[in-house]
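My questions all concern the structure below.
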Amino acid sequence: MDEPIYDVAHLGHLELLTDQPEKSLNFFVNILGLTESGREGDSVYLRAWDDYEVHTLKLTASKTTGMAHVGYRTASAAALARRLAAIEAMGCGIGWTDGDLGHGRSYRFRSPDGHVFELYYDTKKYVAPPAERPALKNIAQRYHGRGVAVRRIDHFNLLASDVSPMRDFMIGALGSRVTEQIVLDDGTLAGCWFTINNKTYDMAVTRDHSGARGRFHHITYATDHRDDVLRAADIFLENGVFIETGPHKHAIQGTFFLYVYEPAGNRVEVANAGARLILQPDWEPISWTEADRRKGQAWGLKTIESFHTHGTPPVRAGK
Amino acid sequence: MDEPIYDVAHLGHLELLTDQPEKSLNFFVNILGLTESGREGDSVYLRAWDDYEVHTLKLTASKTTGMAHVGYRTASAAALARRLAAIEAMGCGIGWTDGDLGHGRSYRFRSPDGHVFELYYDTKKYVAPPAERPALKNIAQRYHGRGVAVRRIDHFNLLASDVSPMRDFMIGALGSRVTEQIVLDDGTLAGCWFTINNKTYDMAVTRDHSGARGRFHHITYATDHRDDVLRAADIFLENGVFIETGPHKHAIQGTFFLYVYEPAGNRVEVANAGARLILQPDWEPISWTEADRRKGQAWGLKTIESFHTHGTPPVRAGK
Amino acid sequence: MDEPIYDVAHLGHLELLTDQPEKSLNFFVNILGLTESGREGDSVYLRAWDDYEVHTLKLTASKTTGMAHVGYRTASAAALARRLAAIEAMGCGIGWTDGDLGHGRSYRFRSPDGHVFELYYDTKKYVAPPAERPALKNIAQRYHGRGVAVRRIDHFNLLASDVSPMRDFMIGALGSRVTEQIVLDDGTLAGCWFTINNKTYDMAVTRDHSGARGRFHHITYATDHRDDVLRAADIFLENGVFIETGPHKHAIQGTFFLYVYEPAGNRVEVANAGARLILQPDWEPISWTEADRRKGQAWGLKTIESFHTHGTPPVRAGK
Amino acid sequence: MDEPIYDVAHLGHLELLTDQPEKSLNFFVNILGLTESGREGDSVYLRAWDDYEVHTLKLTASKTTGMAHVGYRTASAAALARRLAAIEAMGCGIGWTDGDLGHGRSYRFRSPDGHVFELYYDTKKYVAPPAERPALKNIAQRYHGRGVAVRRIDHFNLLASDVSPMRDFMIGALGSRVTEQIVLDDGTLAGCWFTINNKTYDMAVTRDHSGARGRFHHITYATDHRDDVLRAADIFLENGVFIETGPHKHAIQGTFFLYVYEPAGNRVEVANAGARLILQPDWEPISWTEADRRKGQAWGLKTIESFHTHGTPPVRAGK
């Protein structure tokens, strides 16, 4: 058996597009509880209080919505070189950037469905200004308690016209491992969950029922505790944020979840995984069948229909 | 900068000695909520409901108490070979075992303070008997809800007459990284926390104020949620288990903790780390000073005096 | 303004019928976590760990299901006499019983829809046998941690062919106050929540869409904390108990809820009200409109259809 | 047996004095999460989000600290008249006030230790301005999520040079019931907990070890859930608020607690009682002995020494 690949350390950040930049920024800062750590051009850089890098969300004003790109940080400069070689061999490379406000140069490449990824090792660590210094020196920023006050970026979910090529791409380009998957009765892969470290997943791909390509499903920030998700529901309710579904516990991965739409329509999840980790180096993917899925989520809640159709950007009529 | 070492996948199990085998077994099964998965000789094999291996605790009847050995699982057979080479070069190797009820052959070696470690790759995965099959296929065993019903093994803590050599040993033998440490005003290392994966720590070493060598401080099982620790306190209270300190939140590592003594005197912790993980590949150790420590735990609880003196086996008078 | 009536102290107990007596008993004892405190004839007497009386649930083997009767305890013997006078004046009295295993003589009367109520003052307080004695002397029985381990009886919900007469009955017979209600666009009362103390409600009546009379909707036990409701969901899941809806937060009364069916089909809720109490002596009923109800529960979950139709006993075909 | 007295509905408000008015106000509004609902003279009126009256805390700038007075609301105008008669018969009456910004006229009287009490029935109910209107119509104000965001006033604790006369006073003047008490080995009453409704206690009196008279121990606001108390600890920590003790669970009354000092030195508790209520009309007081108290709080935490000495105003040297 091959050895696991540990070249990629963790999910770094997402760049999301919004056509309601002021409202979206208010949502992420005052309701979700991210902190602004920089601005450049049409973008605002945001972070959760225990993210160690300058940003985990780049929010960019645009005519549309969805994900502009996603970045992962490698375990070392040498690991980045190894990944670059693998990606170039796959023929999906785009090329180097000069870096961004929040990190050094990065190598960009494209998923089979058209999503833009990048890998980088050089990064900028967040240094808390005096007003944000934590009482305990082992967290990145003070627990400010503002809004949902999520702790750190957790994972993201893409939609794809075809899930199988995305699976091969994640394994080949990043060295990701499949932890769970949905296999339909005809053998089609309808969803796939990946990890590149001990988190149970940092990325998921699910089938876009609209048939569109390259769309975005959701970004997830982790709350420190499960009860923070329940508290988030009250905060969303009182602030007029559209709650799509939850709080409830996923059957797949067992995550306690709550889904909302930020003002521009991008789906945002707050979630807590409990003490679940994938520590086993030879973990075998868990496969869920159509019969399994008909049971709904862990405690019986039916999967909401919009989960299969709502993505960003929206699908235009006639497309 | 060197690349991180990912040869060791995770902490596997501890073998604890008890001179009260029936009472200890009752504690671990009915109060802490572990499940018996085998017996051999004087030993009972135990596991938490989401441990994927046959056992994470081997409880062995003995004339004394403390830790007989600790096992870590490597990421692959090749990784085991690499570690063995490193350990032999360090001159602390003991040699191969034929394996145990719960795993295949292992390589044993000794810490500078005399604690016995082993590394293994071949293991036995737990297959739940019908009565223990979970409703959801992505957990190892059903959530039985018995006693504290801890989810998985988390970490352990050793006492050492001198912490510095233990730090070098953990880095050299396992490839562990130091995540946090206590450095006294005279530069002495008084405590050190290590991880070999994305957990914030899987092992800690603290100074034995008795001057004894090779003793054991505690084993920790993780509850799925923080509120399970509070519930555990009520369970321990109602069952007459000695509560040493907690529930409270550690300043170091931020873990929500509760410490008790099992009937034979071995210290057991139930804990929850929240959503905290060490994902950063170039994490720099956090150092706590004497002044920091005088502030007590996160919310001000003074560190209990017995934390520096109570270990197993007990120190004999005159020693 | 009239003074509030404080004659009735609290909801005492329900007698539920089951045509699956062994399975129902196993549910209430091993899954919900009640404790058996007596047996007599076809009945088993059950209590939650902090109920102060001998029983709060009398489970009686029968050919059918539903509620046989409900008992409330008065604040004093004199208060009982005052209520009796009021009830006799209403013309709905049945007469005195000789008492039951769990309490002294009681006065029975009938609701407009045919449900049997009783009032009593003389009661039998639970005296914990040695194995059930709590560590702290201010709770009635030890926190045993078995199953969901609910803390105390909370409330019950009846179905009625017409809600308005039930409202007048509760106000007239018990001196209950209406805390919340659903008023349809045509002015019909579709649901009504009552309290006779500082609890937000101890009884609810909702309209039976089947048109049947005198049926039972659910009994509710309170968990000590909200997280116990989430834990209950896992326990129900692993024990094959049918989860109807939840966990979620009610819009009406704000209770965090979870509904299941015990093996004979009687609906059981576990719930937590947070710190909500009705302390205000001149509380004015909150009215919910059809438009309000279309928003679903507090965080948007749609009210499940079976909530309007499933009651016990079941409605026979052709009836 | 006499019938219980239900003349007093609930604890209404406290007036606290502060010699650090700006800092105290910032604490109560931005850290504890109360909302300002009025100002008059040197006083600011404050309320928790589910308090139904205009205020539950009147914070008054002063040269000293401690409690200026405490108000209880009666169940009716007639009940107020009955209490007045009882109080006048006891000889501790002061006389009528013209009312306050937050309520109508009140009758004041004095405790044996000199604390000022008042009873009122006419009150002013809080009407939320548009920005504070809740999403659900059954709570008084939106859940704003600011700071600890406590839900409602819960209870208060006075110090007294002699506890026994205070007990007789509470029973005689308010009709309170004793729910728990500390009786020393020599028969002296060292602490006493009272309720006038179904809450487990709304007032406590404990012995002032300094020998001073008429001092104040603490005011308590209830969080909606127990986990809010843990979250409060992080908020206090990050805002430099002095944490005296907790979070932990009281042996007496079983409340989950956390004590801090607001900037002027008045002690403030945030607490959660779980689902515990005193519904039993013939509840017999629970007595705790010196031996009981030596066991510490519920899970073994020793009662902090300052609990017996720190009160407001501070005791002057030489007094």
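Every chain is named by a letter (A, B, C and D) in the order it is written, and numbering of its residues begins at 1.
Here is the rule we use: contacts are C-beta pairs under 8 Å (C-beta built on N, C-alpha and C of every residue); 3 or more make two chains touch, one makes a residue touch a chain.
Keep in mind that this is a model prediction, so the values were computed, not measured.
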| item | value |
| --- | --- |
| Other chains in touch with both chain A and chain B | C, D |
| Minimal step count in the chain contact network, chain A to chain C | 1 |
| Superposition of chain A upon chain D: rotation angle, C-alpha, nearest 5 degrees | 180 |
| Interface composition of copies chain B and chain C: same or different, split at half | same |
| Pair joined by more contacting C-beta pairs (C-D or B-D) | C-D |
| Whole-Å separation of chain centres (CA-atom averages), chain B against chain C | 46 |
| Rounded Å distance between chain C and chain D, as computed from the means of their C-alpha atoms | 32 |
| Rounded Å distance between chain B and chain D, as computed from the means of their C-alpha atoms | 44 |
| Sequence positions of chain C contacting 2 or more other chains | 136, 225-227, 234, 237, 298 |
| Interface residues, chain C side, partner chain D - complex | 1, 3-4, 6, 9-10, 50, 52, 73-79, 136-139, 151-152, 154, 180, 197-199, 222-227, 251-254, 272-277, 279-281, 286, 288, 292, 298 |
| Chain B-facing residues of chain D, complex | 226-227, 230, 233-234, 236-237, 243, 245-249, 256, 258, 298-301 |
| Of chain A, residues touching chain D in the complex | 134-136, 142-145, 147, 225, 227-228, 231, 234-235, 237-238, 240 |
